[in-house]
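Shared chain: subunit A. Partners: subunit B in the first complex, subunit C in the second.
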Partner chain A sequence: MRRLHALLSSDRAVGLLFIAPFVVTAIVFMVYPVVEAIRMAFYSYNPLRPDLSAFVGIANFEFLFSDPLFWDSLWQATVWTLLSILFQTILGVGIAMLLHRALFGMAFFRGLLLFPYIVPTVVIALIWRWIFNPEIGVVNYSLLASGIIREPVYWLSTPTMAMASTIMLNVWKYTPFVVICVLARLQTVPLELYDAAKVDGAGFIRRFIDVTLPQLREVLIVVIVFRTIWTFNKFEEIYLLTKGGPGTSTFNLAVYSFEQSMASLRLGVGAATGVVMMIMLLIGSIVYLRITKFGEEVR
Partner chain B sequence: MRVKDQHTNKAGLGRREFLGGTAALGLGASGLFGSKSALAQSTKTGTVRVWGEPGPYGGVGVAAMNEWAQKNAPGLKFEIETIPWDNVYVKLMTDLAAKRPPSLISVESPIAMQMMAEGLLLPVDDLVEKIGRNRLVDGVKWDYWGNWKGKQYVIPAHHQPHLLLVRMDIVKELGLKDPDTWDWNDLLNAAKTISEKKQGMAGFCMALGRNLCTDYHFAALLHSAGGRMYDPSNKYEVMFDSPQTVEALNFVKELRPYMPKGAVEYSFLQVVDAHVTGQTAMSFYWGRTLGRAAEEAKPVFEATEAFNHAKHPKTGRRNNWNDFQGWCIPAQNNPFIEEVKQALVYQQTSKEWLIKYCHSLMPNVAPTYKDIADAPELKNHPFYQSKSKTVDTYFKASLAHSSSTANELLQGPNPLAGYVHGRSILAQTVQKVVIDNMKPEDAAKWGARELEAIRKENARLLG
Partner chain C sequence: MEVRLERINKRFGAVQILKDIDLVFPSRKFVTLLGPSGCGKTTLLRMIAGLEDITAGKIWFGERVVNELAPRDRNIAMVFQSYALYPQMTVRRNLGYGLRVRGTPVSEIDTAVERVARILEIDHLLERKPAQLSGGQRQRVALGRAMVRKPDIFLMDEPLSNLDAKLRVTMRGELRRFHLDLNATTIYVTHDQLEAMTMSDLIAVMHHGVVQQYGTPAEIYSKPANLFVAGFIGSPPMNFLEGEISNRRFLVGDGSLPLPALQVEANAQKAVLGVRPQDLSRAPAAGQDTITGTISLVELLGSEKLVEVQLQNRKRMSIQLRADAFVEMGALFHLRFDPQRLHLFDKESGNIIPASN
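Presenting the complex of A and B:
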């Protein structure tokens, strides 16, 4: 009894109490779904007939790897992720450097920059559908009015343009996240480094390559890892904008998983897709962090 | 059907005003068979959830049920939950899987037939007798709505075919023949002529997106060519890899240059938009286009007439895709089964409510009972004055050409059709030709493989 009392009144107990809500939440909303998805990946499961659920071994994975649409979706997910991250990083760093200046009204512009990031995706996707509308969309109107194009561009009606449009949407929405992270880091870079480089005769580009980029390295590694994971898993933007079409030209693995689970009622195959995605991202992240030697300075 | 038209229907008259008017019209007539309200009062309380497709008619049906509830179950309130068209399958399946079905569903026949074969619906033969087994309009059978192994699972809500909508002002201007006499070649020629001679206007429009609308549009062409997906008389053997499928796909390919460029992503709403905004002179669609045009584009409404589809040159078939939409009652996790049955009988035996139902979106939802189809009150609608032939084509003349994926060429129910539409197999087959430039022969083979996969996975449904 005395030991229990001592335990309850110790700092350790208070610590446990504080982390308990997170641990419980994580178990219920993260650990359990992952474990359940892994379990379901080895079962055939039609949600309308749960009584017919049966263990099927690796049959769901065999189905996946023999389905051409799975490989198409994987390739398209890779293209969509790499191009999105590339443009987000380049634009994010560029905009952050522009905003890292003490000009009048800069705080307002920094606030405005967050707009795409805070607006719900469903609203953005619907607005973009209007913007991209070939007949009445503002993009075509502007391009036609300025003489850049002579005929309306069908932004969402051809495979290449639809992929480009979904990438544009993703870049527009998530570049602010990169800007915020990079801007925060830029504000902590010691000015002495730039002064010293100037004294040594370094121009703007040389200062950017030799001072700014090395200082941003750690934050960029983290941002790229997170953005890659989030983009690769992204479902709602593609589904709301193109539903994976035209055809299946903008399917990524998340859309593929949804279609298998909900439209085809093959929940086992959908879960197997999720497991494959998880493994790919895990391996990719570890390899990337190893290659970039993330955190080595700290050690 | 289709399109989020929730507003007005009669030209120049708000839907509420209009419904108020028809309610007054019907107040004197208390229903063909009376209300059959000699039923025990229910003491249950709560909300009875009803699923329906977009459009005012589901709400009218539920209003009738609430009238029943006021008299017989004062603690209950029927409430309509509208399911958007392109999400109907996902919404139905996820909610049913989550064991929270509504108490009543108004749904299209492919999904109803899948659910009934799956054992998810309650047989309603007892209601058929109360409603009147001999009331159906000529040319239809109870089976068309949903009968499986001798039991009826679906009560008719309406039938709604998609037809060929034509801008007659353009046809006359260009000296084209009467669309009622067209075969596929004439339709193609008309689409070509219009595209070439009318600047900025497509000759023809159908949905080509990966969606339900494309499935329905293509199915009509497939059936007109004499093709099918499955053969119910031979254990649902897949029939899709056939010259008829190839022919239908080739026809879509030939029509494609005369459609709006964005058609490859079109679904229900966009086809209506294309017609109502004058982007196209012809389209495949249900009666909803006319309701929308009456509201938003009077000249388009006045110039547009509906025809049975162009004949197939060899078979002579003019098949449409007719949705035999009906009411069905989920059998599991449904606390209001008895109340729903009684309310449904009340609605189905009330002439005033059934006429209001049809009037709520003319000429989209066609009457299913003779006494309603022939009722003088039904004709008390402006569309009957301005477009009597078109309305009659939707309501009656189309029935001779009915077909659907749930009952292909009316040769037997197909419980696999729901899965086919859930996976958009027909639409994907079409897209392989019009987007991926796959040969129609190869696309037909691809579609056949997908249909065979569905058959194998769901062999349990076929008994």
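Presenting the complex of A and C:
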């Protein structure tokens, strides 16, 4: 009894008490689903016949690795992730540098910037389906009217164009995130560094390479890691825009997992896909952070 | 190379920062821009470097107007207050950067970098990054980066202000030595009058964007042109007494003091009398030419003693005496003024009322 009293009156106990709600929530909503998903990856589980659920060892993974669609999805997920990240990083840095200049009206654009990031993906995907509609979409209309193209482009109904469209959507929606991170960092770059480089004789491009980029290094590493994880796992943008089609040409692993679980009712295979994705991202992130020596730079 | 400023003006929006600056920096001299914080020193230096637009006026380098010339084409070097070293580059690469950008052959860069590193005694630090250096070492690297290119004009913006007091004194001497070695015109910005006095050939005292006085350290110290310069230069600061000129005497409160002959004799003119603590002495007894007060504070400065005397009109004067002088708090003190060591200023304009000699 006395010991309990002592424990409760100590600072440590009070601290534990304060974080307890978060820990409980985290366990219920974060740890439990992950553990459950991992467990499920080793079970055969049909939601219509839960009573038949059984431990199957690595059978789900064997199924996965022998399914050509899994490998296609993995390849497409990689292409979609790499190209999305590449374009939004380049665009993001470029736009951030433009906005960083104290030009008239830039405050307005800075406000506008968040728009794509705020609007729900469902709304955006629906609007984009309209915009890219071959017959009545505004994109084709403009391109035709200005004479850039002669024939309507079938944006979402050929494999290449569908993939390009999903990448465009992702770039459009998440470039603002890159811009905001980069802009925040740009504002802390000491101006005297640019002055020093000017006096040393560096032109605009050299100043970008030798002053701006090194300062952006850390923020870009972080942005790229997070954007890669989020994009690789992304489901709703692809599914809402193309449903993974035409055919399976825009399947990524998230869409594949969804289709296995919901359409084919192979929840175990779906969960196994999730486990594979998790492991790949984990290994990828660690290797990437090692290569870039993140955090090792002495400031 | 001689640098000449001709009616230089600078405005940021509606705010006038620099007004009609006319200055000549003679070739190979060490000239200091001295003034309190915010008076426009950095702005002026940046204009000379080409980093800041010129609102009006001309800047000449020798026979050439450089108003439109980019910084890289001015053959200047600049040391920044924060040093502005490139954090991701080693000291070696920092030093060589200016040469590398200009496409100098690698072997030449190496030779130049190593020569400068030897002079500045930083050759053992060449492979380190700026973050791994102490403040003083960073400062040397910044200096080195400026020296490598053999500039015509060497610009320095408070390069010592981030160093501790002792290192600052050492570096003053070294900067002066580098200046002599470098053979470049040096323009040095500081708000520290001691730095200015000890290092410069010429000092331009600035206040509110206007040059208050331009001259050698000795001139500025012994013949301050106005109240601002008189109060800004010298440590401890000059004492000021308000009063009136009358029959070659200065009437202050209940006393009066003898004045030197003035170039234009003035009578019944309101004036401010300035006298440095070092130029006051102690009279054994009250007399015609003394003022009496009581000792209100004694500070031992080491080799000197700073005594504060409160006059009858509650005005306080400080006097610098030898450390072994006997003074007692609360005792009477008779101040003796040397007429040759007084400075008289017009109360209205603050300008000096020159003595005839």
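Rule of thumb we're sticking to: the second predicted complex is superposed on the first by the 289 of 299 C-alpha atoms of A that agree within 3 Å, B and C clash if a C-alpha of one lies under 4 Å from a C-alpha of the other, contacts with A are read in each partner's own complex, and residues count from 1 in each chain.
Rule of thumb we're sticking to: contacts are C-beta pairs under 8 Å (C-beta built on N, C-alpha and C of every residue); 3 or more make two chains touch, one makes a residue touch a chain.
Keep in mind it's a predicted model, so treat the numbers as computed, not measured.
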Open item on the list: Contacts for A:D195 in the overlay, against subunit B (first) and subunit C (second): which applies, first, second, both or neither?
Closed with: second
TODO: Answer with first, second, both or neither: which of subunit B and subunit C does A:I118 touch in the superposed model?
DONE: neither
Task: Comparison of subunit B and subunit C by subunit A residues contacted - done: B
- [ ] Determine, under the contact definition given at the top, whether A:T248 touches first (subunit B), second (subunit C), both, or neither.
- [x] first
Task: First, second, both or neither for A:P214, with subunit B first and subunit C second - done: second
Open item on the list: Under the stated touch criterion, which partner chain does A:R206 make contact with: subunit B (first), subunit C (second), both, or neither?
Closed with: second
Task: subunit A - residues contacting subunit C, complex - done: 190, 192-193, 195-203, 206, 210-211, 214-215, 217, 297-299
Task: subunit A partner contacts - residues on subunit C that touch it in the complex - done: 46, 49-51, 70-72, 76-78, 80-82, 84-89, 97-98, 101-102, 129, 131-132, 145
TODO: Note which residues of subunit A are touching subunit B in the complex, please.
DONE: 47-50, 52, 134-135, 152, 154, 156-159, 242-249, 259, 262-266
TODO: Mind listing the subunit B positions that touch subunit A in their complex?
DONE: 86, 89-90, 93-94, 96-98, 118, 120, 209-211, 261-265, 277, 279, 419, 422-424, 428, 431-432, 435-436, 457, 460
